[in-house]
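As structure tokens, here come the structures.
Here come two complexes built around subunit A, the first alongside subunit B, the second alongside subunit C.
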Partner chain A sequence: MSKIISLHSFRGGTGKSNLTANLAVTAASGGRRVGIIDTDIQSPGVHVLFGLNEGTIAHSLNDYLWGRCNIEDTACDVGAGKVDLNLDGGRLFLIPSSLNAGDIARVLREGYDPGRLNDGIRQLLSRLNLDVLFIDTHPGVNEETLLSIAISDALVIILRPDQQDYQGTAVTVDLARRLEVPDLVLVVNKVLPLFETGAVRDQAEKTFGAPVAGVLPLCDEMVQLASGGIFCRHYPDHPFTKGVQQIARRLLG
Partner chain B sequence: MADHNDDLNKLVGSMKALASPFRAFLQDLHARYRPLREGVVASYIPELAKADPDAFGISVVTVDGQIFEVGDFENLFTIQSISKPFVYGMALEDHGREHTLAKVGVEPTGDAFNSLIKLDERSKRPHNPMVNAGAIATADLIHGADPTARLQRVLAGFRRYAGRDIYVDMGVFLSERTTGHRNRAIAHLLLNFGMLEDRLTETLDLYFQQCSLLINSHDLAVMGATLANNGVNPLTGERAVEPRYIKDLLSVMYSCGMYDFSGEWGYQVGLPAKSGVGGGILAVVPGQLGIGVFSPPLDPRGNSVRGIAVCTELSQHFGLHVFEGGGTRPDLYQALTARPQRRGSPTVA
Partner chain C sequence: MTEGGWGLETAAITLTLLHPTRGTALQEWTFRQDTRIRIGRSPDNDVVIPSDVVSRHHVELRRHDQAWEVVGLGSNGTLLDGERIAQAPLRDGQVIGLAPTGPTLRFRAGTNIPAAEQTMYVGALPGLSFEVDERKKQSQLSEIVDSDYFRQLQQRAAGLRARKADSAG
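Up next, the complex of A and B:
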């Protein structure tokens, strides 16, 4: 059974793309075939964690949405030849959004058919024979976010211990319930070490009535890495890495 | 507050529709029947012969306003005979059931779409409002001070059904009027028997105009969904026809809507429907949804070949026949809004 997991946060800067990449690498290292699709068309970012840039992306999700290529043509095999990712037989594909300013402008101006995005995601699952597909969504509420939630088997909502995040998260949780997502979990990210993990977890669960799959620390190492790689591989014994593994187990069994 | 919730529910509903496995089902259906190269495009007037035989659109609209569509669902074509049940509804509203029945019967004829006139021996009524004689007699019943007022009333009616302004294709109208000798003959015979008011030319023009309305498969599905929704357009919330006449429209569509294929259609597909020689077919699943299909090539009986195939498969796959299983008819709506179920893909060890 292939699984679609969306990662969402109401506001930007929650560490959503970083968590997506780390979860995907963790999932793939169990021998799974994993995909990441960057539906954050307005502000793509997850490709950076795998060392891709405008020059190394041949086809983007934008090309597919505009009918220029098939969805599988956009998939970058980001695990291939990457010894440091240590995927141990797993495979990892990334479907990036375009970094071209003109492409981003065109999406903003003309939009696209969200139905085609849905079709592409389904084709991706079957044509790449994926076990798991992670969807890195645009922050806030827009069409591709709602569609992603509507088709997901699980939704991970990321928030920081911050009042703005708390209020916004309530909106996303409400929408996810209306869209009847089967599995809804929260991840509290960037928690200062002086906070007590258990108390943060309890407060979030009480506020939103949804389980917390992980509480991840704010750490200097992450800032130093500056999206220059996959944190879990650089710091395999770090509490953040342990937390990601715990979330992966909760989502994938 | 209620309005906000409405907007939210609409947005959530549209996303559910996008995510629904029914979308993939329609796409598969469209892909499978696209290569079907049977039938010929209607050619009795040059305007119809220009239709692209490859154009093919399927639209489904539910009574709560969800829209599923695939292919050339925006391609405009002329409504032709699919206008007949709707104008019949307008005539019923103008005159009531008794007077309308005195002018047009509800008996299937088994005649071809282009058959010559056949009137009831005793009453001199056309047999039903779906054959040309009956449709001309029905158009004659539409109230209005002058031809323009009558046309405006008909256009306003179609606007309520479709939820947008509907226009007459002038080329098709003029062409129908120039070459419509058979319909003119029918009208004269009706006039001879006192079944038409003494405004034959005007009524014929109105009839040619109602047949020349430009619509697409999306409009047909919305109009069908309006009938399925007891007369209220599910997208605009506007009432298009009085609820007490819904059963009149659906009954004549069920028994007479598919020309001389109506009996077999009722047996195989089991849905009230109407076809037109422009390539459209409209079918109604009462209480659930409307279906609109557009594909110009017609079979010898004047029904769209792909349209028949699509409706037949939809009906049989989802068990939509109105007499299915003594009330155990599965609810297609449930299938439409179900969350997607994906088949397992093998895990790589």
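Up next, the complex of A and C:
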């Protein structure tokens, strides 16, 4: 049975899109059919990691939401022909948001119908025959992120060990509990080497009352690569990569 | 204090734990009379760095007269200015890496060593205490959960997930 997994953070800058892309590649390399939908329509980002730009995106999620095309028309087969992604029989599709400034302005001005997003997600699962769909959500809490959380089988809440992330994370955990998300996990990202992983995990689990699926390090290699590719493929033995694999196993078995 | 003592100033060194991306100081240790400084994850080291990629006893700095050398002990590997080493002379300004992807320490010897002894924290470190204001959380929550949209979503959530399962077969 297919699985919907939302990745969310209360604030921007937590590394959410980067983790989404790396988790998706890790999941697909197990032979799965995987999708990523970028519902961060106001500030899309995940496409960059797969080398897509405005010229290479034929149809975006915006086009679907405005009734210009079917949802499956927006899916870019980002795994096709990419030897370096090493998907080993898996497939990876990305449903990007529009990078066009006018389209982004229109979404900010008019919003969109969350119900149509919900329909599109369900159609995607069946028409692309997906095993897993990752939803890269917009930071903060609005109607669309709440909908994403409500329809998800699993929710990954990403936070940094930073005071400005804690309050919002606690609120999001509570909302997800009320929406009865079957599987709720935290990921603590950008952790300095001053802290022991186990101590960070214990503290976070105690504070937020949710299991921590991974504690990922802040590292120079990530800054160097920036958005130039999929970190797990460039640094297969790095602690970050091992952490991502651990999170994937926790979510997908 | 040993300032103005019998030439010990020249033996003083500092080790600075560097921020992994900014290269700024996170924590600093100063040593004045030691001839052996042990670095690792275990609490019995002189410099304790609780990172998972750091071995319990990872590296040792040894002084021979005025010269220092670095000796790798752990199985995770030690780097000096990015090059993997087992044992090497250590000069002012060099950076010791604990494991290829691990924390880095800058070694300073001789002049410009601060007066403070032992551990000193530099600037504001991010705290490890995850603090949440419960009252503020309740008021933030009530704004959302009392809305019609949220109530409807709550009622529909289980159905939305179930229908998704059906349609995907």
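Simple rule for what comes next: the second predicted complex is superposed on the first by the 253 of 253 C-alpha atoms of A that agree within 3 Å, B and C clash if a C-alpha of one lies under 4 Å from a C-alpha of the other, contacts with A are read in each partner's own complex, and residues count from 1 in each chain.
Simple rule for what comes next: a contact is a pair of C-beta atoms (placed from the backbone, for glycine too) under 8 Å apart; a residue touches a chain by one contact, two chains touch by 3 or more.
Only a predicted model underlies this, so the values are computations on that prediction, with no experimental measurement involved.
Enquirer: Fit or clash for subunit B plus subunit C once both are placed on subunit A?
Expert: Aligned on subunit A, subunit C clashes with subunit B.
Enquirer: Figure out whether A:Gly102 sits in contact with subunit B (first) or subunit C (second), or with both, or with neither.
Expert: After superposing on A, A:Gly102 lies clear of both subunit B and subunit C.
Enquirer: Figure out whether A:Gly115 sits in contact with subunit B (first) or subunit C (second), or with both, or with neither.
Expert: Touch status of A:Gly115: first partner only.
Enquirer: Using the touch criterion from the header, give the chain among subunit B and subunit C with more contacted residues in subunit A.
Expert: C
Enquirer: Where does A:Gln203 make contact in the superposed view: on subunit B (first), on subunit C (second), on both, or on neither?
Expert: The second partner, subunit C, only.
Enquirer: Looking at A:Arg33 after the superposition, I want to know if it touches subunit B, subunit C, both of them or none. Which is it: first, second, both, neither?
Expert: A:Arg33 contacts subunit B only, not subunit C.
Enquirer: Have a look at where A:Gln167 lands relative to subunit B and subunit C in the superposition and call it first, second, both or neither.
Expert: second
Enquirer: Is A:Gly81 touching the first partner subunit B, the second partner subunit C, both, or neither of them?
Expert: Neither subunit B nor subunit C is touched by A:Gly81.
Enquirer: Now for A:Arg91: first (subunit B), second (subunit C), both, or neither, which partner does it touch?
Expert: After superposition on chain A, A:Arg91 lies in contact with subunit B alone.
Enquirer: Does subunit B (first) or subunit C (second) touch A:Asp220, or do both, or does neither?
Expert: Touch status of A:Asp220: second partner only.
Enquirer: After superposition on the shared chain, which partner residues are touched by A:Gly253: those of subunit B (first), subunit C (second), both, or neither?
Expert: Touch status of A:Gly253: no partner.
Enquirer: If you lay the two complexes on top of each other, which residues of subunit A touch subunit B in one and subunit C in the other?
Expert: 1-2, 4, 118, 122, 125-126, 130, 143, 146-147, 150-151, 175, 178-180, 182
Enquirer: Contact residues on subunit A for subunit C in the complex?
Expert: For subunit A paired with subunit C, touching residues are 1-2, 4, 118, 121-123, 125-126, 130, 141, 143, 146-147, 150-153, 161-163, 166-167, 170-171, 174-175, 178-180, 182, 192-197, 199-200, 203-204, 206-208, 217-223, 235, 238-239.
Enquirer: Within their complex, state which residues of subunit A touch subunit B.
Expert: Touching subunit B from subunit A are residues 1-2, 4, 31-33, 89-91, 114-115, 118-119, 122, 125-126, 129-131, 143, 146-147, 149-151, 175, 178-180, 182.
Enquirer: For the complex, give me every residue of subunit B touching subunit A.
Expert: Spelled out, the residues of subunit B in touch with subunit A are 8-9, 11-12, 15-16, 18-19, 23-24, 27, 339-340, 342-349.
Enquirer: Which subunit C residues qualify as touching subunit A in the complex?
Expert: Within the complex, subunit C touches subunit A at residues 17, 19-21, 26-27, 41, 49-54, 101-103, 125-133, 136-137, 140-141, 144-145, 149-150, 153-154, 156-158, 160-161, 163-165, 167-169.
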